[in-house]
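Both of the next two complexes hold chain A, though its partner changes from chain B to chain C.
So, the complex of A and B:
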């Protein structure tokens, strides 16, 4: 068991974090909005945690900021004291970082969302890709975000990666419960009605802009907090974390897993994150023919791609659909 | 449909579980000494990673032919890091659990900042074959590198330019603002220029996607610079060189590492002639080990070896020679994996290695001290289509 944790501990927590990201993209999709902005908020959340815990917000030695800012920065320095070498980063501060990241991303999402969500379909997708690119280029050029190299030496709250489960797993459970309940209350049904037919929903008295921005903002808060946790988890943070590639990958989690129920994105994220790594391990299994081992090793991404292609061909609605639960009394006739 | 969907899911999950189970029961074979190689074999960094794999494999064959570690062969354990941080951590984790004595990798500095702390924690010596960012050896005592940082390599080009034309007074610097490496490289160039007491004209920026540089060039040409330094990639850098020459610039041009490829030849053609580029490795270096390496590489690949392959070779060589010295003092059979790793790290840092890169030693931090750097100048053939890098230092 110990071996298992040692080898796969990092992967297991990665699964959980990716599942949280998938849920954050699922939220706007619930309201029918194809938003690819999740990695942008994820990147901002990570930078919040990295900047606060590595204290890159402090002025360079010998320089000062203009006055109100200088006092604020010095105050921030007392809230987030330097973590001495070899000492654990306080978990309480990590939670504070996640909170700050979530709130900041939420506010930003309202500002970005109000104009952006006037766009529909492919145009909204393009606008959100632009947002992700802007975040990337800005962080590439700011000194506080460490430029192209990024911020490294982020202090660790736990001695092993697997112990991040203490935060990541409850976080996923809370987010999943939240989305599960959301699907069954008035606001959630309003979101679904917007997805099914925006005109009809508006005619029923549902405010489309309000509900779309709400779903977008909730997704941003989750992505931001997840980014803050990830920054500690992967030791470093840089402009390569929130990219267009990440947008597409997270979208794939939702599409392959199923975009009609909360369980779909989670299953999709688990499968797509685990598969390449498990195929990596499969090549080292003893007793399988050499050519097969070689193929598993070199061709694992081919297998990965084929599985994605096949599952979209045969299960266009995703692997998990609401119908799966119907027989077990889960049918509420909601759609 | 419902049945088949459930069946598909079930099969998928069971297969994953079975693979994980089998993986854990895999026994470790103790016979050859296993050295991990974690570089990018997939993703957009794979072009570099492939060169590193080739270099490491040449080293594996080369040293095993010469008796390995006192008669015991070495075996490379390759793990793909892909191009991202999570991939690097997964690859490192797999190698650490597989009881390798040390790890060569990862390809990118950003990946190193992410994965190296794990190796440090597990006490596994890591040699970085291509991490050039500031702060890599400082990650921990088990982390060292065989790749000289940009800050050490780049100034050699300026020194070479001053050798060619000692009268240089005014320098114009151009860099691609949207490229990570160019942005950090230009900082080094600018510091070097200022440190040598030369006049730095206002720095000009461009994008790697730009094709027209006349605005930037017109900004600096009236000040008559005698040296132009460009940090960018092949296509944009090549075009910039071409337009500089067409607009009448006749002085020396230094290209950054992004222009260190034959891909610039078709862009600026005959006008590429004379671009000065600093190198950490020269395939023309006349040492016994480098001749053997170049011969093995050319036999397999049909071209001269690039820096990345040479650095990967040097990394494996450092592992093998340090292991041999360790084995001479304390036989490896008497040590368990943790002891081997700890002692190996100490032996790596205290050794002196004659590699294809020249003579290498390390500081106590694990920073490389490379005795020799090289500067090459592009020499285009008369037809303006083909060219080569001629080493001038």
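So, the complex of A and C:
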């Protein structure tokens, strides 16, 4: 068991974190909004945690900020004290970071979402890609985010990676429960009605702008908090986290897993994140030809692409569809 | 223009799409409690007029008053909230939602459950959810779809979809119900039943009904007053007998005699 955890601990937590991101992208999609902004908020959340815990907000020795800012920075330094060598980063502070990251990303999402969500379909996707790119370029150039090097040596709350499960798993459970419930109540129905037919929904008294921005903001809060947790988990944070590549990967989770029910994005994230490991395992099997072993090891992206192409052909609604529940569940008491 | 009489007042309403004037300087008022018919040949601008009234299309010029309030330029959800429900000519249900969910969505403005309290399922929210479901079930019963409440809307036959759309519009608890060709695609039997149904619904919910219809016997038998549009202009307005004998109407429908 210990062996298993040592080998796969990192992977298991990665699965959980990716599933949270998938749900964050699923939320706007629930309201029919194809937003790829999740990695942007994820990156910002990670920087929030990295900046606070590594204390890069402190001025370099000798320089001072103009006054109100200086006192604020010094105060922040007492809230987030330096973590002494060899000591664990307090979990309570990690939770505070996740909260700050979530709130900050939520506020930013309202500001970005109000103009961006006037766009539809592919144009919204492009605008959100632009947002992700802006976040990347800005963080690449700011001193506080560590420029091109990024921020490293982010203090660890746990001695092993697997112990991040104490936070990651409850986080995923809460997010999943939230989305599960949302699909079954008034506001969730309003979101879905926008996906189904925006014009008809508006004619039935549903405010499209409000609900689109709401779904976008909820997704951003989740992505931001997930970023804060990931920064500690990965240990370093730089401009390569949460880029356009991640947008496409997370979208693949949702599309392959199924974009019509809360379970789809989770299953998609699990499958696609575990896939490279599975392929590596398959490549190590004795007796298969070298070229095949090589392909299984290095052809990950090709296999990904093929998988997406095939799944859109054979599972256009994704692996998990709402009808799956209905046939199995029989009674419809809950819905 | 006085805005005191008439539940819905349309004042010199015009809408142009590029060079085409789809609705040209149309004025009339729909009185509370009447069934008002809007007829005209294809392309006369009837559906455009509906879209203007419900805010889906902004007017080029002119004014709209509903319940004495100026609603010109209001957005669709604001107008719906004031008490205007509608159906669509080319049915616009939420195809992947069940019949019950379709009707429940339209109760949005009459329920208050928020994101967090709804997700947590607080007692008040649970009660509200249950009441909304019961109300929706009642409306489905009224249109004879109660036994298929859990079927996705896209799986209903055409005529049933039309009735489901009416049930959804009624869930808004509107003062004014706009029906865009409710008899389209129905067989003669269903058409006969529809008139009775509309009258019943009107009485039961004390509605005012504004409807577009092509089927002349239905319109003549059902409506208190009729407005006739042709090429975007109002060419006649009056009770069915007056409209039927109006030479301009006959010309619009049958063509000039020469």
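The working rule: the second predicted complex is superposed on the first by the 305 of 335 C-alpha atoms of A that agree within 3 Å, B and C clash if a C-alpha of one lies under 4 Å from a C-alpha of the other, contacts with A are read in each partner's own complex, and residues count from 1 in each chain.
The rule is simple: a contact is a pair of C-beta atoms (placed from the backbone, for glycine too) under 8 Å apart; a residue touches a chain by one contact, two chains touch by 3 or more.
What you see is a predicted model, and the numbers here were worked out from it, not measured in a lab.
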item: Partner chain(s) touched by A:205 [first = chain B, second = chain C, both, neither]; value: second
item: Partner chain(s) touched by A:152 [first = chain B, second = chain C, both, neither]; value: first
item: Of chain C and chain B, partner touching more chain A residues; value: B
item: Touching partner for A:189 - first (chain B), second (chain C), both, neither; value: second
item: First, second, both or neither for A:232, with chain B first and chain C second; value: neither
item: Chain B and chain C footprints on chain A, overlapping residues; value: none
item: List of chain B residues in touch with chain A within their complex; value: 2, 4-6, 8-9, 12, 16, 19-20, 22-24, 26-27, 41-42, 78-80, 84-86, 89-90, 93-94, 96-98, 109-110, 113-115, 117-118, 121, 133-135, 139, 177-181, 183-184
item: Chain C-facing residues of chain A, complex; value: 178, 181-182, 185-190, 192-193, 196-197, 199-208, 214, 218, 260, 322, 332, 335
item: Partner chain A, residues of chain C touching it in the complex; value: 54, 56, 75-77, 80-81, 85-86, 88, 92-98, 101, 104-106, 108-109, 111, 113-115, 118-121, 125, 128-129, 132, 150, 168-169, 171-172
item: Complex interface listing, chain A residues touching chain B; value: 3-4, 6-11, 14, 137, 140-141, 147-150, 152-153, 156, 159, 161, 234-236, 238-241, 267, 271, 274-275, 277-282, 284-286, 297-298, 301, 311, 314-315, 319, 321, 323-324
